[in-house]
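Across the two complexes that follow, chain A remains constant while its partner is chain B and subsequently chain C.
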Partner chain A sequence: MGKERSAKLWHNMGILLFLAPALILIGVYIIWPIIMSFNLSRFDWDGISPQKIYVGFKNWIDLMHDTIFWHALGNNIKFIILSLVIEMPIAILLAVLLDRGGKKFDIFKSLFYLPMLMSSVAIGVLFKYIYDPQFGLLSGILNFLHLDFLAQDWLGDPKIAFYSVVAVICWQYIPFYMIFFIAALSNIPQELYEAAKIDGATQGQYFWKIELPLLSPSIKTACILSLIGSLKYFDLIYVMTEGGPSNATELMATYMYKSAFASFKMGYGSTIASAMFIIITTAGIVAYFATRQKEA
Partner chain B sequence: MKRFGRIVAVVTLVVFMLSLVLVFSPSEKAFSSAGGTKKIVFWHITTDAVGKQMIQNQVNRFMKANPGFKVEVVPLQNDAFKTKLKIAMGSNQAPDVFVTWGGGPFFEYVKGGKVKDITVYMNENGYKNRFIDASFGPITYNNKIWAVPVEGAGVALVWYNKEIFKKYNLKVPTTYDEFLDLIKKLKAKGITPISLANKTKWPGCEWYWYLVDRLGGPSVFEKAAERNGGSFADPTFIKAGEMLQNLVKMGAFVKGFNGLDYDTGQSRMLLYSGKAAMELMGTWQIPIMKAENKKFYENNLDFFPFPAIKGGKGDPSNLIGMASSNYYAVTTTCKYPKEAFKMIQYLIDDQAVKERIAYGQIPPVKGLKFTDPMLQKVYNLIAKAKSVQLWWDQYLPPQLAEVHKDIVQSLFGLTITPKAAAEKMEKAAKDYFKK
Partner chain C sequence: MATGKEIKKWYFAFLAIWTLIADIPFLFMAFTSLKTQMELLMGNTWQIPKKPTIGNYLTVFEGSFFNYLKNSVIAVSVSVVLILLVSSMAAFVFARMKFGLNNVLYSLIIAGMAIPIHVTLIPIYILTNKMKIYDSILALIGPYVALSLPMSIFILTEFMREIPIELEEAAKIDGCSMFRLYSNIILPLSRPALITVGIYNGTYLWNEFIFALVLTSTPEKRTLPLGIWDFQTKYGSDIPAIMAFLTLSLLPMLIAYILGQDKIIKGMMAGAVKG
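== the complex of A and B ==
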């Protein structure tokens, strides 16, 4: 009896032991900074001077009245909706097409995945040139097709800039969800297709009756991933527009970065970061339970 | 077998703990004291191949003359540098020598006790007199000098394509009315009058700053920024905003300017290709253009100072910018401040001045002669300028500078009225200085 227990203890110790490196890293690099951010949000600090001025909840009250922050949050929400509406259907469509094509289409799997492999900064610089209203590829193509009237000031017009940037982000992320769905599709048992074939199902019925229902758990997961990703998005927006012009493409993360590092308001930046943490965690949890209930 | 597994586990744990201890123990000393060499870490932002090599050569001369010292030169990209420096200073990992433009953001570091007061070194043997007087403005705080002027003058001027002006028989404008007339003529010829890449906001601000200076003189801004009797809601600021929006409305600027990026050369390309005729930009553009498009630099490029506004109080010789564009400062954490200062001197000694002129810079040193007529012309302009007003975004405290740049970008985008813009800036200034 005693021997068994000690064996179990050893077993648990072993688990803990091998988890320890990961736990310590997560603690040092993720949990601790989050706590520090919340702590910093109560100070007025420029990020340099040794003394921080304690201001209590002033930063949080300022944040509640900060129109730019609410505007940025609004943009984040718009961004979530756009990503879901654009990315998911296209990704599913591509995944289904590539899956049906079988081995012949393998080359397209790699080709379509390319945008995901490029660094966001490189994509940002690339598209800055593509969108250039004078020399840009996009304006060039429109001119060539005699569609000049469609040519826009893609990144400079506050009304359009946001959609221009979102289009690029979707282009970058569709391959990710595509691969995700291809993996899910390959898990669908071949027998289902064979049974459907005997019943005389059409291609459309394959999709609506077999693939889509069996994909739905993956789609839910993908939606949560997209939701969280959209809420904390930063890089391409920063490279392409820095949140401008006139805050038109500002997201919470770009605003946080600018407050903390450009305006020397480290305390306020930490407040935005903490607010983001609260918003994203809440949204993630809500989305998780919302999709779980449906499953039951 | 099971025992063996346990032993492996325990050994792994011990190794892991040991490595953690090593990671967290301060090991910097162990490296720097090895072999008796003393190390100076030096961050700068000259990243083009020629400039980077030039600075390295100057540092190498210092190391040759001071064998006990090793200088680690770290060239960084402009924007990455700003963030990196801030984090390094905040976490006490600062370099020994770093580059700065002086002004508001720099004084934040001075106030934070991060920068060494070098007044004594500067006064030694009258070293200070080597430099143009105007170059000390942005680095003097509390009557003390905090950095050495090193890199060339940077003032904003209107660059233009000589070829286009010759072809259409256009004259360089001296008054604002002539300037507006010129814009109309260029437009009629189907040429974009002005190139502008305003994604990062400061290039557009240069227009606003000059308009304010020509309308009201440098003191209007200074009084508002120092909060001594001035206000950002002053009619001069509103008028400047109106004139700016007038330029936008008449189509003076290139299409899409608020989305174009100066750093990737999107505005210069328009000049090179002859699509646009003019650009208001700092003189740091000289070495860049020389390297990017030598033929254009030699045959097509010229400049004129910002035109005078009729009835305006600002002297037409006034310039915006700085007599020296990059300064080098020593941090308080530097272990060998004296030698670090000596190293900086190598960056601007007689040999260095020669190298810098060849590179296309105008060193902030007295009594220079240039073989390149373009540089001579800029040098003369600076020498006779009544005032050289520091870039506002460097003059203002960083928090206000960001607000100001956002407001001017909105002015350009016609999403805010000049009056609302002026009031918004005044409110931000009031909020900031009340604290």
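== the complex of A and C ==
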């Protein structure tokens, strides 16, 4: 009995020892910061002075009336829609074409992956210069094609800047979703195609009757990924425009960063971060259950 | 209805167009990096450099490029080793051990995958200052490891659950301890999952921007993505030099990709497929 007990004790000690590093790290760097973020949202604090001023829910009330925040959230939503509408169809189309080509098209696959290998910062900086009105690649090409009249100040014009940046983000993510769909397509059993072939199916029918229906679970997953990703997006926008010109490209994350680290409003920044947390978590849960119910 | 041959023509046309869209920016980058500022300003931007020069690369090497590279290598490799160690230990317990809180703890950690990490940014910045490790590689490693854990533990746990129980029982009869079971049996058998987790986190952290932006401030301590950021702030008007920096910063990933295409792609996708 005593021996068994001590064996059990050793077993539990072992479990604790194996879990401890993960639990401590997650506690310190994930759970505590989330609580801290909500806590800080009730203070006015510049992040430097030892004094934090308790203001209760003032930051939250300010946030409700903050037109920049609502504008940023609106941009996030526009960004969700644009990425879904642009990225998914192109990614699906490319995946289907590459899948039908089989091994012969491997070279195209490799060529299409390239944007995935570059960091967001590198892509952002590269496209800042591609968009440059004077010596950028885009105006160079438009000049060459005698389409000068189409040339714009792509990132400087508040009406266009948002779309210019979103175009680059789509460029960056299309290969990612493309591979995602290629992986899903490779799971479709070959017999289905053969059966369809015997029935005299056309290329279009392959697509609408076999590929698209069988891809639909993957498409749903990809859409959720894209939705969540679009709500917390930061990198490329910050690198290319820092949210400007005049907040035209502002997203919640860029606004949060700038409030906390450029305007030194840690309390207000934490309020934005906490609001993001609530919005993204809610959106994630809703999207998860919405797509799950349909499948059942 | 189009015939098979005509359709193939359309396939190729579309693929060719997409090749241009996907890759021309890289050609622009590489060509421009070999031009002088003069040639860029005078000629057409899309033209091949007439007299390629490596002057821009020398400019980049004179700066802190290698220091940024070194910091990236250290930050990413230390983080990945720690991620693999910590997450495999936890996954081993979740996958193979019975105890009361197993499911509760595991579900809680997995829920961490859905958390937008931005919410942790400001508190981690404050914590880093309090711990007096602000502006050091150490400041990055903590959050890098911790924020990667939920996903890594998930992938590894699901993989370890598939390992046949018989292997474990045979080892237990031989008097194998929990630690030996982990290190001599489960860990070697989990190699494919460990590689996937390593590549996934490695590529993600190699490009990580916002935490590095907030937790470091001097070129001596910053990683490669921040190197790009600092360099373009400093050399804003010298486009060819910036393009040289970008080209160089792409090289490590490109080499890694050429060496292990399938594994890299699988690793990059691991997070998504599981999400």
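To be clear about the criterion, the second predicted complex is superposed on the first by the 272 of 296 C-alpha atoms of A that agree within 3 Å, B and C clash if a C-alpha of one lies under 4 Å from a C-alpha of the other, contacts with A are read in each partner's own complex, and residues count from 1 in each chain.
By definition in this document, a contact is a pair of C-beta atoms (placed from the backbone, for glycine too) under 8 Å apart; a residue touches a chain by one contact, two chains touch by 3 or more.
What you see is a predicted model; the values in this text were computed from it and never measured.
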item	value
Fit or clash - chain C, chain B, common chain A	clash
Which superposed partner A:Leu63 touches (first chain B, second chain C, both, neither)	neither
First, second, both or neither for A:Cys223, with chain B first and chain C second	neither
Touched partner set for A:Ala161, first chain B, second chain C, both or neither	first
Partner chain(s) touched by A:Gly269 [first = chain B, second = chain C, both, neither]	second
Which of chain B and chain C A:Leu19 touches, first, second, both or neither	second
First, second, both or neither for A:Gly47, with chain B first and chain C second	both
First (chain B), second (chain C), both or neither touched by A:Pro245	first
Partner chain in contact with A:Phe261 - chain B first, chain C second, else both or neither	both
In the superposition, chain B vs chain C on chain A residues touched	C
Partner chain(s) touched by A:Gly140 [first = chain B, second = chain C, both, neither]	second
From 170-178, 188-196 or 260-268, the chain C stretch with C-alpha clashes against chain B	170-178
Chain B and chain C contact sites that coincide on chain A, given as residue numbers	14, 18, 21, 47, 125, 128-129, 132, 135, 261, 266
Contacting residues of chain A [partner chain B, same complex]	10, 14, 17-18, 20-21, 24, 46-50, 125, 128-129, 131-135, 153-158, 161, 241-242, 244-247, 258, 261-266
Residues on chain C engaged by chain A in the complex (per definition of touch)	1, 7, 11, 14-15, 18-19, 21-26, 28-29, 32, 40-41, 44-46, 85-87, 89-90, 92-93, 97, 99, 105, 109, 112, 114-127, 142-143, 145-147, 149-150, 153, 178-179, 182, 206-207, 209-210, 214, 224-226, 228-229, 232, 239, 242-243, 246, 249-250, 253-254, 257, 261, 265, 268-269, 272-273, 275
Contact footprint of chain C on chain A as seen in their complex	11-12, 14-15, 18-19, 21-23, 25-26, 28-30, 32-34, 36-37, 40, 47, 93-94, 97-98, 100-101, 105, 108, 110-122, 125-130, 132, 135-137, 139-141, 143-144, 171, 175-176, 179-180, 183, 202-203, 221-222, 224-225, 228, 231-232, 234-235, 238-239, 253, 256-257, 260-261, 266, 269-270, 273-274, 276-277, 280-281, 284
In the complex, chain B residues that touch chain A	5-6, 9, 12-13, 16, 20, 82-83, 86-87, 89-90, 105, 108-109, 111-114, 198-201, 254-261, 264, 266, 269-270, 273, 275, 397-399, 401-402, 406, 409-410, 412-413, 415-416
